[in-house]
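Next, two complexes with chain A in common: one pairs it with chain B, the other with chain C.
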Partner chain A sequence: MDVYAALQAVINGLLTGALYALIGMGLALIFGVMRIVNFAHGAFMMLGMYVTYVLFTRTGISPYALFIVTGTILFAFGYVVYFALMRPIHGQSDFMQILLTLGVGLICTDAVQLIFGADYHQINIPLQDTNFRIGPNISVNAPWVVSFGIACVLALALYLFVMRTMTGRAARAIAQNRYAAPLMGINVFRVQAISFAVGSAAAGIAGALLLPVFYLYPGVGDQFTLKAFVMVVLGGMESIVGAALAGLVLGVVENLTSLYWGNEWALAVDFAIFVLVLSLKPSGIFGRQTV
Partner chain B sequence: MVKRPAFYLALLLCGMFTVPACAGSRQDAGEVLRIGVITSLTGSAAAFGQAHKNGYTIALDELNAAGGVMGKKIDLVYYDDQSRPDQAVQGVNKLVDQDGVPIILGAYSSENTRAIVPAVTQKSIPLVMPTATADNVLETGSPWVFRICAGSSAYAAATLDFLKAMDAPKSMAIVYENTNFGQSNADAMDKAARAAGFDVVDSEAYQASSPDYKALLQRVKARNPAIIYFASYLLDASTLMRQASQTNLNPQYYTSAGTGFAAAEFPTRDKGAGPYAEYTFSVSQWLPTARWKGSKEFDDAFFKLTGTHPAYHAMQAYAALLTATAAIRQANSAEPAAIRDALKAINLPETPFGPIKFDEHGQNPHQVLITQVLEGQYKVVYPPEAAETKPVVPTPPWDTRRAK
Partner chain C sequence: MRRAHWLAAVAAVVLSLLVPLVVQTDYKLQVLFRIYLFASLGLAWNLVGGYAGQLSLGHAAYFGAGAYGLALFSGTLGMSPWLAVLAGVAGAMACALLIGGVSFRLRGPYFALSTIAFAEILRLTAKNLPGLTGGDVGVPVPALFHGNINRSFYWAAVALAALSFALTVVISRAKFGYYLMAIREDEDTALSVGIGAARNKLAALLISAALTALAGALYASIFLFIVPDQVLALDVSNEIAIVAMLGGAGTVLGPIVGSVVLETASEIFKNTFKEAHQLIFGVLLVFVVLFLPGGIVGTIAGLLRRSDIPGEGA
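What follows is the complex of A and B.
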C-alpha cells in the first residue's frame, strides 16, 4: 500500500469525521448541561435527514441550503421535547432520564416508519457526479467536500456559541456546578432547553449534510448514536471541543483501519479505543476542559 | 412517586411491544387454508421483502381465482422479520403456535433462512425457501426444508464458466458483505476459482450499512485484479459502485453474486446506483424475458401491480407459493408431514420459473444466467443459448465514461 493510499484514507477520514464531529458536539453539549446521554440523538439525526429529504423532493432546493431550515425545525423540535418531556422529570434519577430519551428515540423511529415506510430512499443531485482530483492519485467526491466545509463552519459557530454568548457561558456554568449556577441567577430550565435544542439542531444538520452521500431509512440513526457516544467519551464527556476532535480522529481511524486491516475491523477498532479510554483514561483523550 | 408524563410514556412503550403479540388466532377448520410467510418487510432488506410480497400477492390472486386449494381459499399470514434473524425465529414460533400454519415460505435473506431451519425442523413444519443462496441453509440435512433457488456454488460455477468462455485474465478479488449470504458466496467462489486456476489476489469482507467503502476499494485497487466478484445487498451494492467511480477502480470485469447487483432497483437512478451500475455483470435466477411459459404473464401482472418490472426475487416468491400449493393439492391434506412428503415427490416440469423438482437434499437444480447492465437494463449475455446480446468487455474505465 503506497503513501497515496494512506493519504487518501486520511483525507476521506477527515471528510467523514467532520460530520461525526457535528453529531458528537451536539451530544456533548446536551451531556454537559443535562448530565444525561441523549439516546435519541441518532434518531434526531435521522429526523434531520427525513425533513431535508421531504423538503428536497417537494421544492428541489439543494440540501446545502435546506440544512438551515432543517436546523431550525430540529431546534424547535428539541425545544418542545425538552419542555414537554425532559423538564417534568428533571431531578429524577439519571436512569429514568436516559430511559426517557431511549423512548423518544424509539417513538421517532417508529413514527417515521409509520409515515414513510421502512423502505430506504436516496436523493440525486448533480454534484454527486463531480470528483476533484488532487494529483494523479488522490480524488475526493464533491458532496463530501461541501458537507465538510459546512460542518467545519458550524462546528466553529457552535464553539463560539458556547464560549462567547451569555447562554453559552450559562451552559458552561451549569456544566461546572449545576447547584451553584441557579444561585448565580441562571435560569437552568431555559438554558437546558436551549442547549438541548441546539444539540438536536446539530444532529439534524449533520443528517441534512449526510443525506447527499448516504441513504436514509428509519433505523439509520442507530449506528450514529453509538458513534456519538464513543466520541463524547473520547472527548472527555462534556467538552465539545474534545468531542469535535474525537469525531475527526474516529473518522481517520476508521478509514485507516479499513485500509490496512479491512472494512469489517473498522467498528471493532472504534470500540476497542472506547474501552481502552474508559479503563485507562476515563477523563478522555482530550479531557480536562469543560464544555 | 412516578411523575405522570414518564409513566404514560412507559405505558405507551409497553403497549407498542405487547400489541403485535396478541394478533392472530389458530387455523380454523373453515373456508380458508393459511400458509405462513416470513420475509423482511422492514429493515435494511425491505426492498427485497417487498419484492417477495408482490410475488406472493400475484400467485395468491391467481390461485384463489382458480378456486384455491382443496376447495378452500388460500390466506397468507405474513410475519415481518425486520431483516433480523432472531425475529425470523420468532416468526416460526408465532406462525406455528398461534396461527397453526402447516407450511412456511421464507425467509428472504440467507442469514435469516439459516436461522429458522432448526426451528422448523424442531416443529416438524415444511419450509420452502425462495431466495436464500447460501449453501449452508441445506447443510443440516433437515428433511423439512426445500430450496427453490440456485445456491452459491451454482453462482460461482456459472460466473467462472462465463469468464472462461470470455477468456478473461485470471486474477480475481472477492468483495463480500460479512453475513451468511456474503460469506457463503465468497467461500464458494474462492474454492471454485482456485480449482479453475484463477488467482484470488484479494478477499475483502465488509459491513453492509457503512456509508464509506472507499478505503476498502483502495485496498482492492492496490492488488490490481482483472475481475472483481461482489456478494452484496442493494444499499451496499449502490454505494460500492458509486465509490468505485470515486476511487477510479477499473477492473476488466465487475461480476457479482446477484442479489443487490440483480435487484430491479439497482440500475435506477432513484433507488440504486443509476449510471454507476452500467456494465456490471451479475448472476441471475430469472428474467422477465426467460423462455419459461408464464414468464411474460408474470411480468405483466407485476407491472400492473407495481408499475415496475420484476427482478427474480419476486418470481422466486411466486414460484414458492405455487410449489407449496401444488404440494398441498397433491397431499390432499393440510397436515405438515403429508405436505412434506408431497414436496419430496413433487415434479412441476413447467412453471414460469422453470422446472421445479427437489433432489434428496431438498435442492431444486435451477439453471442460472449471467446478465449485464446495458443502458440501464439487465441483458442476458450467457449461456449462449439464452443470450440476448453480446457482453461489453473490458469494462470501460470511469474516465472515459464521464466524457459522455
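What follows is the complex of A and C.
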C-alpha cells in the first residue's frame, strides 16, 4: 500500500470530516443545553437534503448558495419542534426524551418516504467535473473542497456564537448548571429553543452540502444519527469543539478503514471506537469542556 | 395475582390455542402469529426496559442471534433444528453477557446508545462475513414445523407468549422483581441498601435475551430465509421497545396490549402507507410519550387506583 493512497485517504477523510463535524457540533449543542440525545438528528439532516433537493430542482440555484435557505428553514423547523414537542416533556426522564426524539425521527423519515417515495436521487452540478490535483498522485474533487470551506466557516461561526454571543453564554450557563441558570435571569426555554433550532439548522446545512456528493433517499439520515452519536461521545458529549475534532477524526478513520479493510467495515469500525470510548473513557477523549 | 387472575390467564391461553379452530386463513393466522410473537418480545424487553428501567434499543442483537443461531448451527454444523434453537439461545445469552457487562456500567443516554452500537456491530459483521453468515445474500433457515405450518407456528408463538407472561408474573412478584424496580426508581439508593445493581440487571438481561432469541428463531423459521438487515435491524429493536412502551412498560399486561394495538394498526396501515408503515410507529411513540407516559395499561391502572405512580398497575 503506497503512501500516496494513505495520504489521499487522509485528505478525503478531512474533507468528509468537516461535514461530519457540522452534524456533530449540532448534536453536541443540543445535548449540552438540553441533556437530550436527539435521535432525530440524522432525520433533520435528511430533511435538509430534501429541502435543498426540491429547491435545486425548482430553481436550479447551486446547493452551495441554497444552504442558507435550507439552514433558515431547518432553524424554523427545529424551533417549532422544540415548542410543540420538547417543551411539554421538559424535566421528564432520559428514557422518555429518547423515545420522543426517536418517534420524531421515524415520522420525518417515513413522511418523506410517503411524499417522495423510496427512490434514490442524485443531483448533477458542473462543479462535479472539476478536480484539483496536488502532485502527480493525489486529486481532490471540487465539490468536496467547496463544502469543506463552507463547513469550516460555519463551524467557526457556530463556535463564536456559543463563545461570544449573549445567547451562547446563556446556553453554556445552562449546560454548566441548569438549576442555577434560571436564577441568573436566563430564560431557559427560549435559550433551549434557540439551541435546538441552531443544532437542527447545522444538521440541515450539512445535508445541503452533502447533497452534491451523496445519494439521497429517505433513510439516508439513519447512519448519520449514529455517526453523530459516535462523534459526540468521542468528543466528550457536550463539547462542540470536541465534537468538531471528533468529526474530523471519524472522517479520516473511515477513509483509512475503507482503504485497508474495505468500505463495508467503515461503519463497524465507527461503532467499535464508540464502544471502546464509552467503556474505557466515558468522558470522551477530547477533554471535558462544556458546550 | 389472585386465583381469579391465574384462572383468567389460563383461560386466555387455552382460548388462544383454540383460535385455529375458528380462524383458518393463512393470512389471519400469520397476523395473529406476529401479534403473539411481538407480545413475547415486548414482555422480554419489559424485564430490562420496564422493570429494571434500562432503555435497551438494541434487542435486535438477541433476536438476530436466535435467528442466525438456528440457521448456522443447523445449516453449517448440522445440528438438529430444535437443538440449534437452544444453541442460538445460548449464543444470545453469551452476547447479553458481553453487552450487559459493558453497557450496564453506563447510565441514561449512554446506556441506550451503547446497546444500539452493539446491535449495529453484530448487523454489520453479519453483513460483512459472507463466508460465515451468507452476508447480504442471506442464509436458509430450517423449518421447525412441517405440515400445517401456519397453525404450528401460531401455537408456538402462543406458547412462547405464555411462557414470557408467566416468567414476568413470577419475577414481578419475587424479590428479584422488587430489586429491579428499586434499581429503576433510584439506582444509587438501591446500591446503598445492598442490592447488587450490576448483577440483577445482568440477570434480567440474560432472561430477556433468551426469550428474545426464541422469538427470533421462530420468526426466522417461518420465513425460511434471513438477511442481516431483516433480523438484526434497528427497526426490530425499535418495534420491540415501542410495543412495550405503548402498552405500558413495567406492567405485566402492557406488552400484550401494546402488541395487539401496534401490530393491528401496522397491518391496517401497511396497505395505506406501503413502505412508509413505520410512520404509525413514530406517531404512536410521540403520542404515548406526550399523553400516555404510563402506556395504555399503566394509564388505565393509574386511573383505576387513583395512583400517580406510573407503571404500578396490573
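The rule is short, and it goes like this: the second predicted complex is superposed on the first by the 291 of 291 C-alpha atoms of A that agree within 3 Å, B and C clash if a C-alpha of one lies under 4 Å from a C-alpha of the other, contacts with A are read in each partner's own complex, and residues count from 1 in each chain.
Heads up, the rule we're going with is that a contact is a pair of C-beta atoms (placed from the backbone, for glycine too) under 8 Å apart; a residue touches a chain by one contact, two chains touch by 3 or more.
Quick caveat: nothing in here was measured; it's all calculated off a predicted structure.
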- Return fit or clash for chain B versus chain C, each positioned on chain A through the superposition. clash
- Task: Considering only the touch criterion stated at the top, classify A:Asp110 as touching first (chain B), second (chain C), both, or neither.
- Result: both
- Message: Applying the document's definition of touch, where does A:Pro88 land relative to chain B and chain C: first, second, both, or neither?
- Response: both
- Message: With both complexes overlaid on chain A, does A:Gln122 touch chain B (first), chain C (second), both or neither?
- Response: first
- Task: Give one of first, second, both or neither to describe whether A:Asn131 is in contact with chain B, with chain C, with both, or with none.
- Result: first
- Give one of first, second, both or neither to describe whether A:Glu264 is in contact with chain B, with chain C, with both, or with none. both
- Task: Scan A:Ala9 for contacts with chain B and chain C and give back first, second, both or neither.
- Result: first
- Task: Pick one for A:Val233: touches chain B only (first), chain C only (second), both, or neither.
- Result: second
- Task: Mind working out whether A:Met96 is in touch with chain B, chain C, both or neither, as first, second, both or neither?
- Result: both
- Task: Mind working out whether A:Ala272 is in touch with chain B, chain C, both or neither, as first, second, both or neither?
- Result: second
- Message: Using the superposition on chain A as set up above, list the residues of chain A that contact both chain B and chain C.
- Response: 85, 88-89, 92, 96, 99-100, 103, 106-107, 110, 113, 118, 262, 264, 267
- Item | In the complex with chain C, residue positions of chain A that touch it | 31, 37, 85, 88-89, 92, 94-96, 98-100, 102-111, 113-114, 118, 222, 226, 229-230, 233, 262, 264-265, 267-268, 271-272, 274-275, 278-279, 282
- Mind pulling up the chain A residues that touch chain B in the complex? 1-2, 5, 8-9, 12, 16, 84-85, 88-89, 92, 96, 99-100, 103, 106-107, 110, 113, 117-122, 124, 128-129, 131, 139-141, 210, 213-215, 217-219, 223, 254-256, 258-259, 262-264, 266-267
- The chain B residues in contact with chain A across the complex are 3-6, 9-10, 12-13, 16, 41-44, 46-47, 50, 178, 204-207, 209-216, 218-219, 222, 235, 238-239, 242-243, 245-248, 269-271, 274, 402
- Can you list the chain C residues touching chain A in their complex? 53, 55, 57, 102, 105-106, 108-110, 112-114, 116-118, 120-121, 124-125, 127-128, 234, 238, 241, 245, 273, 275-279, 281-286, 288-290, 293
